[in-house]
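Shared chain: chain A. Partners: chain B in the first complex, chain C in the second.
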Partner chain A sequence: MKKELGSFVIGDSTKCTGCKACEMACFTVHNQGSNHVGKTVGTVTVPVVPRLFLTKFEYGCMPIQCKHCENAPCLNACTKGAISRIDNQVIVDPEKCIGCKDCMQACPFGAVTLLPYAKDGKVVAQIGSNETRVFASKCDLCKDVPGGPACVRACPHEALRLVDPEAEREEKNIKAAEALLLTKNWR
Partner chain B sequence: MSMGIPEVEDAGCLLCFGYNGADSHPIVARRIVRGRQKGMKIICVDPRVTETARISDIHLQLKGGSNLALVNAMAHVIWEEGLTDDRFIQEHTKGYDEFLKVIEKYTPEYAEPITHIPADMIRQAARMYATTKPAMILYGMGVCQFSQAVDVVKGLANLALMTGNFGGPSMGIGPVRGQNNVQGACDMGALPNSYPGYQNVTVPEIREKFEKAWGVPLSDKVGCPITHVPHRILHEKDEKKRIHAYYIFGEDPAQSDPDLAEVREALDKCDFVVMQDIYMNKTGLYADVILPATAWGENEGVYTCADRGFQRFRKLIEPEGDLKPDWQIIAEISTAMGYPMNYKNTEEIWNEMIDLCPSFAGATYEKLEKYNGVQWPCRDKSMEDKGTPYLHKGGNFATADKKALFYGTDWHPPLEMENDEYPMSLSTVREVGHYSVRTMTGNCRMLRSLEDEPGWVQMNPDDCKRLNLEKGELVKILSKRGYCITRCLPTERVKPGATYMTYQWWIGACNELTLANLDPISNTPEYKYCACRVEKIEDQEWAERHVKELYDDIRVQMGIDTGKGAAS
Partner chain C sequence: MIVAIDQNICTGCRECAEVCPAFAIEGDQGKPQTINTDRCVMCGQCVQKCKSYVSILTHGKEAYEKVKKERNIPDSVTEPLFAAYPVCNLDKVKAALADPNKFTVVQCAPAVRVAIGEDFGDELGKLTPGKLAAALRRIGFDRIYDTNFPADVTIMEEGTELVKRVTEGGVLPMFTSCCPAWVKYMENNYPEIKDHLSSAKSPQQIGGAIFKTFGAEIDGKTGADIYSVSVMPCTCKVFECGRPEMKDSGYRDVDVAITTRDLAWLIKDLGIDWASLPEEEFDQPFGIYTGAGTIFGVTGGVMEAALRTGYELVTGQPIPNVDVTPVRGTEGFRKAIIKIGDLELKVGVVTGLKNVVPVIEAMKAGTLDLHFIEVMTCPEGCVSGGGQPKLLMDADRAEAYAARREATFVHDRELPLRKSHESPAVKKLYDEFLEEPNSHLAHHLLHTSYCIK
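After this line comes the complex of A and B, so read on.
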């Protein structure tokens, strides 16, 4: 059965040390296929562009990525139909993206950015100019990657996790119910 | 380290002093995070808000260069409030009364104006450290890279001794080392005063043992520390003491040593410089001979971890091109110089070494394989001796009478304080994506994407506002000794008046600015404190072009193909 609400990855600031292993893992898995990024140095020929952002400020440090909103502002903002909901995940089609930045503006989490588009190990140029083509880049929950989100698996501190909001709500319901059962009024 | 790294997460209290695990050792940082999850109390002493500071119970954001004043004040509180472990002091230590005379005046109120930490906060921290067992101290370069470094290390040891925090797991003091395998280099006698296994060159019986084993007469004089080399090349009057040849391997003094202008002059004036490394680096530009060596993964051997753990590392791939592992190059150079070395593999070298070092004698390759590593001391070759996870068991210290010695000294400020011309302070720090002088990581595109030339100077937003600087803007940063160009990074994590730079960048090379003021015992330079000034560059377009030209110039000089962009 299809899940009601989409999942997303979330970071835990109390565990994150800012090592950026998530960013590296994210770039690697998204470029292993068509861009030929391998497991050793010397295989990267395209710009290194992760889809989540290690965010550091005075009192915090954690990666920020797409929440796969149910009423996704980015999807609503895109006039080119480049963003769609596939299997409850908000996905960008880089071929359709024109780099207008509307989704960037719309996203309240800053989870979208425009990054160079690369295919077959090379940066794609724009038609009629040498300028690099860009596309709206954001977390796709590693939809084609066996084992699920690479960032979650790469984190040495277990500071990232994949949230299933419905399941977590049910879990909290049970805990709340258990707590209520223990109160004196019920005995 | 007196403890093992896996023990970190089981400490009751961690005093994390001048140590930023998240940037320098993510794997140790992981233990700190886990400890926190298990309820470990954390006291973080750091002038910056580090990741450890963020998750700490108490963050003592001290003024740079005030370490010993704070340590002595903490000792004062522990003594004054009767939080000492008197039985431990009585049975296992010496010199306590003399030590008390030194710390008597270091009331928290006395330390407050020096450290910029409220007296009550010092009291709270001292109480937390003294009353939570077991308490562990980890310290890093924020202690060691000051001209008053060894005194602070002893000061931290005093805290552990006063509170009986030695001799068991998850306690004691732990220097988390500044470089990979620096512990191994010291273990193997790459120090001016010792043979492998910390056996002093000035002790006649030791010297005779090595003379007999190696079949050559050996000097009874202590050698020259690396930080004295520029002086010994440039200014040594005694012709017999002047250095004429300099053989450098796995080190890039023209990037990593303080006051780079002086280092360059020394390398230039030195008659003969040999560089042995895996990639071209700045020192290589001054070398007469370059010996290409294999990198990690292309060779095998043993590293020592910061917690005295010997670990085998293995060859993964065959090296390409005309290059050899370091041990083969050394053996061939030695043979050519008239002392034949005919080792067939690293195990032969290792076996010779452990047989000459009583505290390593039991750490055979067989045990390193079987137990995935052995922490020295490991004295017996039988498989039962698995090494020593923590030192000083039962309060028995490695001294003649097995007692530890208290050692109190007074605080003194760093040599070069802020002044009218150079009103800010500069400290060199690390960042997670790049290791040491970037000889390895600067050649990896993945890591270059994390941070790249010309690097950043971290500054408080108020200072940036005052100087009209924005994030990413190129700025000039100057000291009495030189200047470099780097990018401005405003961050609330640093205090006004202080600046921080990482030392690996070729362009934003902060060691152009640093000062060769050495600790009198360790000879480590005061990388963590000198006076500087930040200047705005009005013409940013010119600055961007200039930085690119400088970078391309260096790459051309180093023979790196600049046409294709990627070096890797």
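After this line comes the complex of A and C, so read on.
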């Protein structure tokens, strides 16, 4: 069956220790090409810009990232056409982003923030000023990364998982059907 | 302070506590951690593990520059900074290089040449001794020497000591003493077994002591003129070179130690383009080394190097197979029996400091039947040291260690000389200066005692 709903990564605060291996892996895989990041820390020449955000709260901690909403408020709010849906995922084009924060305002989960934009191993300056250019940094589900979401693979405690909502719903349907079969004799 | 955790940056994940072999990291889950310096052996594995970086989001835009300043890190550094970090002594190195009255001598450990390229984007484990020598020369050191040479000397001293202990009835098993974190761990936790440690200093200290005595003589200098720098894959080497007793020549063996990562920073800071560096040689005579010296960088390497020479010391014949594969491997504790003439030498190799505890307990219980045991604190020996290039993702760790290890063995295989006692630099040292291994002068300069607080 054709996939109709976008996947997303979700964290589990009962397993997360807050180590930020997910943020580091996220940054690494998104900067290995364009910013020449290698396998060691010494190859990094740009600020660490993650696309998911370790969040500490009263009961623990976990990373928060984009749900790839189907009626994506960020996409709807962006007046510059910088956010689009590609293969069911909500994707930002940093080249078009003007840093207006409308997407930040619109996102109910805080899954977007503005962070420095870097290209070719250097932070990009704004046109006509030395100020750092920013872009809406959010999860793109590692769309260009072989092996899928790096955060899921990097977590030492399997506190992150990739959700295919439609497949999970079907699985639950099957379980429900099996459970109902057991009740047949009692009806 | 050699290794510390920044209270403002630590998230309290305690992943570092999982890798700490000394149970030195203390704190509640989710709260910033502290290092108990009475327990810490300064191996730097916490530094390698920590992913909690100085973040624009969590700590603000100004935090990165502020932390860099606090830690004495060169302004030019752009890479991420983390909660767990080691001391940076580059300011001392720069000051010495700028001082016209100081004759600067540098040595670098075997594991540095199979890893430093990684911080310049080379593939994992690239072997770069020539570029390393070229970089050190461009930095401006007056003599580019090599820890691989004193590693060869260590074999002469430690090997001779072992043969004496075995044949004349000394304290056995004898443990290697090259790894300063292991030595510190033993002093902290098992001082009663200190006589089992080889009295030979580590290669870093042996090198330092030779450079300021015989080395000074060769260059028409005195020990007072020389400023001795070492580049190490190890954070604990910074501690070792500062140990108060390490000055038997009347001068500090080594004035300052920096890590592989520090050296990468210095090379970048001085605008030296790593990629275009030519292959150069280390300086004579203390830049000559054998394959035995270079395998000190991997677990089992000191043992293998000692066996290559020890065999010949005892039997007068060269060892039948120079690749002593029974002691290779990466398991935490492995044993082998090596036939040396009529003697069956029983040896053990420990890697990963936690793995030494059952070995020591067995020894104390009288159930351990070994003559000689190598102990290295880090997971696969010095190639995986706390001062080595740090991996951004743990998933690459196994590949990095395997590549650095393999490069070390490749280097060993390709070197013209593979046994320490065949090194012309070693021969020159004993012929012209020390007379013979374990001589009175060798004992004075190159050996030490332990548990000095």
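Methods note: the second predicted complex is superposed on the first by the 181 of 187 C-alpha atoms of A that agree within 3 Å, B and C clash if a C-alpha of one lies under 4 Å from a C-alpha of the other, contacts with A are read in each partner's own complex, and residues count from 1 in each chain.
Quick note on the criterion: a contact is a pair of C-beta atoms (placed from the backbone, for glycine too) under 8 Å apart; a residue touches a chain by one contact, two chains touch by 3 or more.
Computed from a prediction, not measured in an experiment: that's the story for all the values here.
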## Note on the structure
So, after the overlay on chain A, do chain B and chain C clash or fit? They clash
### Message
Which partner chains sit in contact with A:L115 here, chain B, chain C, both or neither? Use first/second/both/neither.
### Response
second
### Query
Of the partners chain B and chain C, which touch A:A154 in the superposed model: first, second, both, neither?
second
### Task
Would you check which partner chain A:G38 touches, where first means chain B only, second means chain C only, and both and neither mean what they say?
second
### Message
Between chain B and chain C, whom does A:M24 touch in the aligned arrangement: first, second, both, or neither?
### Response
both
### Query
Comparing chain C with chain B, which touches more residues belonging to chain A?
C
### Message
A:F53 in the overlay: touching chain B, chain C, both, or neither? Say first, second, both or neither.
### Response
second
### Task
Would you sort A:K15 into first (chain B), second (chain C), both or neither based on which partner it touches?
first
### Message
Per the definitions at the top, what is the overlap between the chain A residues touching chain B and those touching chain C?
### Response
17-21, 23-24, 27-28, 41-42, 44-45, 47-48, 56, 60-61, 156
## Note on the structure
Within the complex, chain C is touched by chain A residues 17-21, 23-25, 27-28, 36-50, 53-54, 56, 60-61, 113, 115-116, 150, 153-154, 156
#### Entry: Touching residues (chain side chain C, partner chain A) in the complex
11-15, 29-30, 51-53, 55-57, 64, 78-80, 118-121, 124, 261, 264-265, 389-396, 400
### Summary
So, in the complex, the side of chain B touching chain A is made of residues 21-23, 26-27, 29-30, 33, 36-37, 49, 51, 54-55, 432-433, 443-446, 448-450, 491-493, 566, 568
#### Entry: chain A residues within the chain B interface of the complex
13-21, 23-24, 27-28, 41-42, 44-45, 47-48, 56-61, 156-157, 159
